[in-house]
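Shared chain: subunit A. Partners: subunit B in the first complex, subunit C in the second.
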Partner chain A sequence: MMAPSARRAVLLLRGLAGRHGGCGAALGQRCVSAEAAQAPLPRPLAPRTSLTSPVEHTAEQRGLWYTLQPGVVQRLFSQGGVPKQFLTQCQTFAETCLMVRQPSLTLMDFIRRSDLSLPPNKFLLYGRNGCGKTLSLVHATHFLADTDWLLVHVPWAPKWRRNFKEVAPSATIEGQYDHPLDAVLWLQHFKTQNAELLKTLQLVTQERYIWSRREVTEPDTPLGELVELGIGRARYSTDCVLALTSELKRHATEGRCKVAVVVDGINTFYSPVSRYRCEDRTLLDPKYFTLFQSFMQLFKSDWKNGIVVGSIDSLANEGWRRDSHLPRYLLRQQGWEALDPFIPIPIEDYDDLEMRSAIDYYLDRHWLQNPQAGSDIGRRELAALSAHNPYLLMQVCRPL
Partner chain B sequence: MASVIGQFLRRSSTLVRISCTVQARVASGLPHIQQYSSSSSSSTEEESMTSPEGGARMSKSMLAYQQRAEAHDKFMADQIAEYEIGRRHLANIMGEDPETFTQEDIDAAIQYLLPSGLFELTARPAMKHPSDVFIKKKAAEFDISGRPFHTFFYTGYPAYYQALHDLGKTMISLDQFANRMAHLKVENESQAFNCGGSEWVSKAELSNKFLEELHDKHYIFFIQSMNRLIEHPYSSRAQDFIMRFRKVVITTQNKEEIPKLMYTAEGIPYMTGSGKRKHTEATVTVYGRGSGKIEINGQDMRFFKVIQDREQVVFPLQFTNLLGKVDLVANVTGAGLSSSAGAIRLATALALRSFVDEHMREKMRLAGLLSKDFRVKERKKPGQKGARAKFTWKKR
Partner chain C sequence: MGSSSARSFSTLLEFTAGYVTSVRWITTTGKKVYVLDMRAQQLLRPLACRSLATSHPRAEIKAAAEEEFRTLEIGRKKRERFTAKTFKPATMLPPRYKQQKTDQDWGSVWPAARTFHPATVPFPVRQGYPASGQPTPDKWANAELMKIPNFLHLTPPVIKRQCEALKKFCTPWPAGLETTAKQEKHFPVTVSKSSYLHSSPTIRDPKARIVTLKVHLRSLDLDYHGRDKLLRLVGERYDADTDCLTLVADRCPLSQQNYDYCQYLLTVLYNESMKTEPWEHEKELVDLEKYVWEGSPSQAAAQNVVTARGINDAEELLKEYGQVVTDLHNEGEDEATVLRYQESVMKLLGLTDPQDTATASEPKYIQGERGQDKDGWVGQARRDWVVRGVKLWEEGCEGQRDRGVLQPPAQHHDKNRAFALLSLEDTSRHLRAFQKTQIG
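What follows is the complex of A and B.
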């Protein structure tokens, strides 16, 4: 049995040599020895793994690219969750591939080993811009979906604070504010993600919800119907979300399901300012958003059979509070006290293996046209210009 | 004998040249072209022989001429005496030995005592020898009787044509030598004059040498003739004559000392370099045996947001193929990201000189990596909108 590092090296080399026995002709290039000096370097194949489910990913797959099936992306990330530029790139490449990296593997390992009889573990990813926090969350979300976790997924939380469609004062709760349209969209997202699970689990409401004189949701109504009601009636959608999350929390505590809360940009919940202006011309504190409160109740440690996976992103904060990428600074006192204790997982820039793998992927997809891109000097140049950062590498490679 | 002939000449209005007079004059020891100071001694001799008639007309102008010459001589002598006194005073002021106070020392002393920021260097205070300051004039070209000293006086360019005649004579003698060598069947290796290390004087310099204002055609003909002389196989025998009209050019370039690599306590080689661009200064330390880390003011390459600036920083490493093999630590001060990048690039290149061999250093120099970019923002001029832009031109 080979050591993981040796096996990894073999897989990479195999990619370099070609699946058809190492002959350049099979890759569609001329094997002319006389012009070998001037011929372009043989195009390496991307180091891939055929394991399409993150459940099977181990340390051996580190640095390899796994393909997400088209159905997965549509089901799990129809309303976001995957960065837009990455999605555009995936459309260009006609496939959605993710690199298996160590932080994701660590996170999945922690999730597997979590004791669900205790209050939920909070795994918060943090790192500098462009290191791969969101894509690690995508990997984790895929894993959670494949392991039958009920997903409560917030694709990009700051959207509700700074880019909401509509905020209206709440009809039901005094002093709070609703997101009618955003809540509808989220409920649709929840439904798409968890359609199968909801059918199998057959969870029902345990409380009575009175929406108006005529509209009432009795106890023992399937949660699916509650979701449909929220989608249909925008007026009650935010309260629907609140009801849904409360119900799920109760069901999880009572052991009927396991709930995973995945939030990208979790530090935005503890920001003091939103875009909404009250009647007295002040900017509203987002703690009065009912939608925010629905999820913040899940961050507490008073339920079981749950897990919270989030990313602390400096871009989720306001522009003047982005100097550092570290959790304490971005979460502020408020957020720190609410989320502490949590398990921080740092996301770093690419190391040498990952950088090589990334450039091999671009070469495989015919994205790097310069014949020197795959050469030693070319790789070193790309590494230096992008400062080993994944996002910057994408930027640098765009015109190439 | 001389006096009789002199009287004869003075009476006749035409200036007639008789060979005996030339011989007589040579016998009397009168030099042909001489300084003003020495000519005065002969002129007093002649003056005493002027007769009041026909000679009086000529002698008045001659007298005036002589007086002018004497006055100039006296003036120059006074100036030189003053200069010498001044030089000794200056040496005393500076605390130097007056005996060994050279012109370079004088220049340095004046620059120290009277510092000037004027852009026009010739307008700055200076103390030069009077012979460098005052225009040289030709010595007496004809004697008191009006007879010119030089044979070629009436060509208008006596010194020039004398040089050409000397050239001709030299050519003839070299040909004779060559014939003798050929006759004796002596096979010498080429004794042609070596042109390396020297070049022809310019037209202005030649004019100064002859104290005659030459035309371009004179100069061109002269140089062409001299070139023919140089082409002669035995022209090195006429080296002294040729070198009168050539100036030595220093061809050896100053070999800049490349500093040697320094070593840290752990034995890692490193070198520092500093560079400037516009008003930004950068100090870069390049560590050998590295892994390609780049640090700028404590941050990594993300210090530069624009890809162009990053490429500038990376270029010297790429060029020398040391990218990924050395570490870079840069400190940059001053505003401006693009100029910071340029300053870091220069500093890195200068530091990398110690890591590479001679061949690569030459390639770096040719690539322009080692040259400071001296472009600075141009001054705005009054009456214009900017440095070059003019205000809107209105036809009426």
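What follows is the complex of A and C.
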């Protein structure tokens, strides 16, 4: 029930009760006034920037769209990292474009100014659902890749806790469990991301790894071979991951490379339940996952030449622990003690500039078919319907 | 009977004889009576009637001669159109308020609580949701106005008059208890109970035994430990917003007994809180009522950072960081405390941005005032401060907006407001203005 003035305002927005009187259109059908039909609005160009590398992005590029080269997307995000719906949209648009936003610029600025001789700085993005945490991480990952950081990238950590392919008790470590197939996939992902860098850096193992009586990895073996072993032998893949991360940590401390740990949904590491049922029918605590431990050792402050970039996502937690989007609540005491001190970077909804830019991009891509979409009132309606939330805007624009 | 009628009678009889199918002999007095069947009766009836009729033969002959054919009416008879009866309304008197003077004694017009009566109320007032294209319904035959309670019997002059009348039954307010603070100082404990009276077979009500005792914790002379222990003992009975402890007793059948129990309970609570049991030293980290930064992993981590950076005079930096982390936990997590944490960590890690781009996009939230007592701690005693964070974040985020950081929308007076509530001053102003229009 609305007051008459409010109802009139909504009708005005919908074009059903304009100054010239609303036409008798059926409900739900938009009524285009005679004026608009005569002079269609000029289609705006998407505000783009030609700088394809995030290294060159500054505050001047804020709100502009930059294109990720297909090779970059293939190399960095073939196994995930970019939200599926966004990826489908990019396929429709035949290009992968990201908006340059302030939190990403801040994060890149922090990364540039970090002192790598100190223990790794931790930058965790937080915000409400649909604000752009994952895409900001994508931007940051691209930046890190372009600045020759060795990437240890976990595309979506809760997958290993909730939707794992297989969990089996570990043969090597008593009381722990590993993910044979998920570890293989991750090693492939690591290999794809860091192929060039591994070749140039020529990092070698420093320890002896005995997998079985016949399979032994001697010291001074290139790390690439260790990765290949893990990919080939699913049985030992999780232990390979553990070995790899330990080696990288050691190499980074000794100054041979700089390692960037990028984790989407970092708070899932400190969740008390997983979906795996032990033999005694209890749900397993994820701290017994070797795969989890491999990465959690990288969150400690006992190495150098490193950086930890993550996102704290309420969807990475269990359903009953999602009331707030704030970091302390989602991380729980355990996570807080492990990650403190970290710099929390808030991700907010679109402001006016970003909203305008987003709608211009959709119009440029011919995604918004309605002729009124680009008008002032159309933009205001889109902003109202999506509540300035990027994800909701995408959903709202789908049927238009 | 005349000759003609006799003739007709005889012919009729002959005719009728053919219809006589059954003849019943009724002999009551020995006479034989012929009873004819229906058809025969019908045929003979007019004759019978005529024979019974006492009429002059000449008149009969005349009627027979002047007799015309009956008109056969086909179709509906034309009836007269009945015009609707026009009810003339009884001459109505003009509404009463037109005869009311502007300086009348309103208390006499509306002496007691009364359903709204539009003709007596001298000002225009509208209430209700307007129909499409219509103004808000006016006061005439307005069920909404009649349903709701009105306080037209309690205008300030009437109240004043009633107070004056009651004054002679009152005793003076005790000297030395003028302000709430003084009252609380001398009479910190409030005991309340309700009495009920029924006009039914029993006049009693079991709810009359309930006794409530309220006391502010600031009136009790408790130290930090005592207060913490008391709060753990009473749990939900303490309201942090009003700093009030409420004890409700209904376990005994009589209110006197419940009152005694309340007194006993308060005494016991206070005495137990002041005591320190020998096992209380076993209190662990998880039992702490508030977050203590000293000795926590957070302090160790911050110390590591400072050592790694090689800063010599790091005490202030660490102290500020510790304060911020303590606030984050004790006051609850919200956007403001997280932002302060961010700034503190930036300082700790040496990443303070001269251009302040990190926090440029965020407006600086101003911390709202939270009730803090002399010990500097806020509110509830809870073991898990994360739960507390959850409890308070609802106040924090949304509360920040409500506490005036984001200005509330300006009050605008929409003409089409469905609900028109006038204050008493506006009422009297309206009344005067309306009266003026009526008069002049």
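One rule holds for everything that comes next: the second predicted complex is superposed on the first by the 363 of 400 C-alpha atoms of A that agree within 3 Å, B and C clash if a C-alpha of one lies under 4 Å from a C-alpha of the other, contacts with A are read in each partner's own complex, and residues count from 1 in each chain.
Rule of thumb we're sticking to: a residue touches a chain if its C-beta (ideal position, glycine included) is under 8 Å from a C-beta of that chain, and two chains touch if they have at least 3 such contacts.
This is a predicted model, so every value here is computed, not measured.
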Touched partner set for A:93, first subunit B, second subunit C, both or neither: neither
First, second, both or neither for A:326, with subunit B first and subunit C second: second
Which partner, subunit B or subunit C, touches more subunit A residues: C
Touched partner set for A:341, first subunit B, second subunit C, both or neither: second
First, second, both or neither for A:59, with subunit B first and subunit C second: second
Partner chain(s) touched by A:381 [first = subunit B, second = subunit C, both, neither]: first
First (subunit B), second (subunit C), both or neither touched by A:389: first
Contacts of A:367 with subunit B and subunit C, given as first, second, both or neither: neither
In the complex with subunit B, residue positions of subunit A that touch it: 377, 380-381, 383-387, 389, 392, 395-396
Of all residues in subunit B, those that touch subunit A in their complex: 292, 294, 300-302, 307, 310-311, 314, 317-318, 321, 323-324
List of subunit C residues in touch with subunit A within their complex: 129-130, 132-133, 296-298, 301-302, 304-305, 308-309, 321, 325, 328-329, 333-335, 338-339, 341-342, 345-346, 348-351, 353, 357-358, 360-362, 386, 389-390, 393, 397, 414, 416-418
Residues of subunit A defined as touching subunit C within the complex: 1, 3-5, 59, 102-103, 105-106, 109-110, 113-115, 118-119, 121, 126, 301, 323-324, 326-329, 332-333, 336-337, 340-346, 348, 351
